[in-house]
Amino acid sequence: MKKLINDPRSVVDESVEGFGLAHADLVTVSADPKYVTRKDAPVAGKVGLLSGGGSGHEPLHAGYVGRGMLDAAVPGAVFTSPTPDQILPATLAINSGAGVVHIVKNYTGDVLNFETAAELAQAEGVEVRTVFVNDDVAVEDSLYTAGRRGVGGTVLVEKIAGAAAERGDSLDAVAAIGDRVNSNVRTMGVALSACTVPHAGTPSFELADNEIEIGIGIHGEPGRHKIPMENADGITDRLLEPVLSDLGISSGDKVLLFVNGMGGTPLSELYIVYRRAAQVLAERGATVERSLVGNYITALEMQGCSISVLRLDDEMTQLWDAPVHTAALRWGV
Amino acid sequence: MKKLINDPRSVVDESVEGFGLAHADLVTVSADPKYVTRKDAPVAGKVGLLSGGGSGHEPLHAGYVGRGMLDAAVPGAVFTSPTPDQILPATLAINSGAGVVHIVKNYTGDVLNFETAAELAQAEGVEVRTVFVNDDVAVEDSLYTAGRRGVGGTVLVEKIAGAAAERGDSLDAVAAIGDRVNSNVRTMGVALSACTVPHAGTPSFELADNEIEIGIGIHGEPGRHKIPMENADGITDRLLEPVLSDLGISSGDKVLLFVNGMGGTPLSELYIVYRRAAQVLAERGATVERSLVGNYITALEMQGCSISVLRLDDEMTQLWDAPVHTAALRWGV
Amino acid sequence: MLLDVKWAVRWLTMCAEAMAENRAWLIELDRPIGDSDHGENMDRGFQAVLEKLAEAPPETPGAALKLTAMTLMSKVGGAAGPLYGTAFLRAATAFGDALEVDPAGLATALMAARDGIVARGKAESGDKTMVDAWTPAAEAAQAAADGTGNVLAVLVAAAEAAEAGAVATDPLVARKGRASYLGERSAGHRDPGAASSALILRAAVGAAA
Amino acid sequence: MLLDVKWAVRWLTMCAEAMAENRAWLIELDRPIGDSDHGENMDRGFQAVLEKLAEAPPETPGAALKLTAMTLMSKVGGAAGPLYGTAFLRAATAFGDALEVDPAGLATALMAARDGIVARGKAESGDKTMVDAWTPAAEAAQAAADGTGNVLAVLVAAAEAAEAGAVATDPLVARKGRASYLGERSAGHRDPGAASSALILRAAVGAAA
């Protein structure tokens, strides 16, 4: 394992510290308990938006703290959900009285820890709503499983709900638009290589030189199955098909197309995937109204990508276009 | 070699095509000869800014085409400078009559090809100035060598010269500010792993599990020497020391600190490097006025980073802050 | 013999030792069917428990477990943190203020712990989770307490049943937790949380022996 | 025997074959001391030359070389593109409109090609570049032409000297081009451009034989 780190146990501390130094104009960092808040939090009258989860997915979530997106990010250890004793004070710190929405990726650990924190916050008089993100079509969704994972769609939920909060929507309205984004987005991923969790020191799974993992998540966990290596167009088709059919995309639909890198794949390759995905959508008669291409929700240095499609309506498009000023996503300001 | 590509020979074509599709609001892509121009080029009365070089360094250069930065980017084959028959038409396409500045990274191939294109453009009546970028302190600079390479500093030259062109500076003034940025920026890089050029198919060099390459460039070429793996703080000190002493940074200096990822290193690790670099600068009494952290000039999927320090003056800071709207760098608009 | 606060502190100390010793193994169990952090999480959590115990030595077994619950909840994160936190909290509540715990009280507390995990995680037996260690352990403890067992016999019964339960997760297809994302591919691997549960209950025996 | 346009077209065709066959080798030479593209660049360039030759067959040796120069300039990129482009352009100029080239004309053209490379790249002998193949080649050609040599003898002399020159770059420390960035570490590797230069001059012999 070769990494630009000092000590596997201090990775998150030092990385978040560096983030705070580099973006002191945007955020305030609380070192212990660890969380990151928007510089001007709590913003008077505004619903607070908080997300968090294991570290290792940078720029998620701290990279999305700022005007028009999150008010707080709560980083756990690498690939480990944060604990209520971080989530609670972060929630209190961004509550202006209008309540706080938690955006939670649907993993057992995240769900349980955020659930506890939300109960504790309610007990302290803060209204909390939770938006669960579960956009991963690679995972079977049923009452008898842990359900679908939250992956690429998380970034879109955070941006659009963030814009709704910024324009002054109520607590329930912000949560509702978050849910609406989640209901209209699906994602599927592929890994060409595994990643190495610093404290583990060995790659999270093995792949032969001619194998790839289809249906990968963002925690270095193995995917649904291995297949022999294919070319970019073939892989794109494989990822996109289940996304589009699960969403029921048909002619005339307007969509946001999001090609996300897992951390170790060159941007040039993401554009090759984007090219094919755009072709397929055009063949289906869907219009790509907005695009996002880059490393926005990652799994350390994993090579691979995910494709997310969000079915847009006019309000979502408007909220997507609204100004945002964070370390990792910025426009209109 | 596992890559999200269809064919090693179509990597640049398809990637640039995807880029054009994803950013159709910002750029126009010419497929053959291959170049990318700002959507509204030529901008009346404005000096045109053009850069280019081998592909494989994305988002450089096409990612920097747009308002406040480049008017055109000319991508060559992977790690191979573009040819005059691309550079010339791109130069003509962005010339509004105010002339064109070429920003050229100092590599023999780039220098020769841009030199030829500039001659041809002058012959067609277009005034051309060339700004050479050669910020890499890892390389010995003398009359008897090819001189220093252009690396991380290129992004800063493009941004600041781009802002000068946007505010209406003359041809000579834009070139002069480009030269001024180049004279005040130094960079040094490290690789933890090599990269694989698609058409070559094997990694560009070998590194043992406990070795790193110090003084690496952005073309998968080996660096100045291999050393045993060190921790992030140790590596940061090693990169920063020659940068600071070559620049002669002393107490009271204001700087821009740019920690750049080579493509395959997680953002979290770049912030760990940033943290240490900021500490060292603080110890030296220098003030970090502006920061940039991320994958801005890469070497495919190479793991590693470079550190650039730019000594700022008020005008440079102002131009840095000026609005920019490109695929990879955006603020103020 | 009854179980007092000394036993409780010894137990938690031996848990911490077990987690440190088995950190790498638990990470390795979590690698193929999870995200390679379970050993790291448990080790971090129980090291923090040790610090808390040293800072404010508890006076009853219940207090020791409550302190453990709060610490695990705030230091472990992931799925295991809230689940173990709930388990220890329910056991602590079952112990109440008692200075000493008898076989029946012990069995009741273990069953409460198990119920807490089920209430929190909503997993059933056979879902390939720590429930598959705790359910047989709690049931075996109850049976041993109902018989002629002393506390040691109850603890031994629980530990052995937990170990058997953990081993029995090997062929299961996961339906809860991260391993469920793998579907059929989760079969053939031991559940890391069941394995750490067995370590915890084994340490309880060592502390009483 | 004099060299006519048929020879020129055969030469360029054999260059293209040589680049295709040695593509991987030239990439491999460029890997340790460069950026792994020289074989790819040369192969791409000469394939394009073949296409151009088929599209508009030239009528003189000079026209064939001029077309080659323009094509390499626009298709190769990197350092090699402008350098070889200049070399072929200067040689074409030296050939002029002649339908046939004699030994003296050939030697003059090779020297012009070499001078073009030096003018463009500013490298000196011993800098570990293609100049180290072209300088001895041009000098040997001149000597052969000054002697009793026929064109074949001149071509053979040039090719052999170029090959020796390429081999002689092995121990050199590069002072120009990408390899110079490695400093002392560039020693012990053959310069890829010198190697491709030797291939080009070897093809010229084959085309005349």
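Order as written gives the chain letters A, B, C and D; numbering starts at 1 within each chain.
We take it that contacts are C-beta pairs under 8 Å (C-beta built on N, C-alpha and C of every residue); 3 or more make two chains touch, one makes a residue touch a chain.
Please read all numbers here as calculations on a predicted model, not as lab measurements.
Path length between subunit A and subunit D in the touching-chain graph (shortest route): 2.
Spacing of subunit B relative to subunit D, judged by their CA centroids, is 32 angstrom.
The geometric centre of subunit C is 75 Å away from that of subunit D, both derived from CA atoms. Rounded to whole angstrom units, the spacing between the C-alpha centres of subunit A and subunit B is 29. For subunit D, residues touching at least two other chains: there are none. Along subunit B, no residue makes contact with two or more other chains.
Chain-to-chain contact here is organised linearly: an open path runs through the chains from one end to the other.
Contact between chains, using the touch rule, shows up for A-B, A-C, B-D. Subunit B meets subunit D in the complex at residues 54, 76-85, 107-109, 112-113, 115-116, 138-140, 144-146, 149, 197, 199-200, 202, 204-205, 217, 219-222, 224-225. The touching residues of subunit A, counted against subunit B in their complex, run 2-7, 11-12, 14-19, 21-23, 55-56, 58-59, 63, 192-193, 209-210, 212, 229, 231-233, 235, 263-276, 278, 288, 291, 293, 295, 298, 300-301, 303-305, 330-333.
The touching residues of subunit D, counted against subunit B in their complex, run 27, 31-37, 40-41, 44, 73-83, 120-121, 175-178, 180-183, 185.
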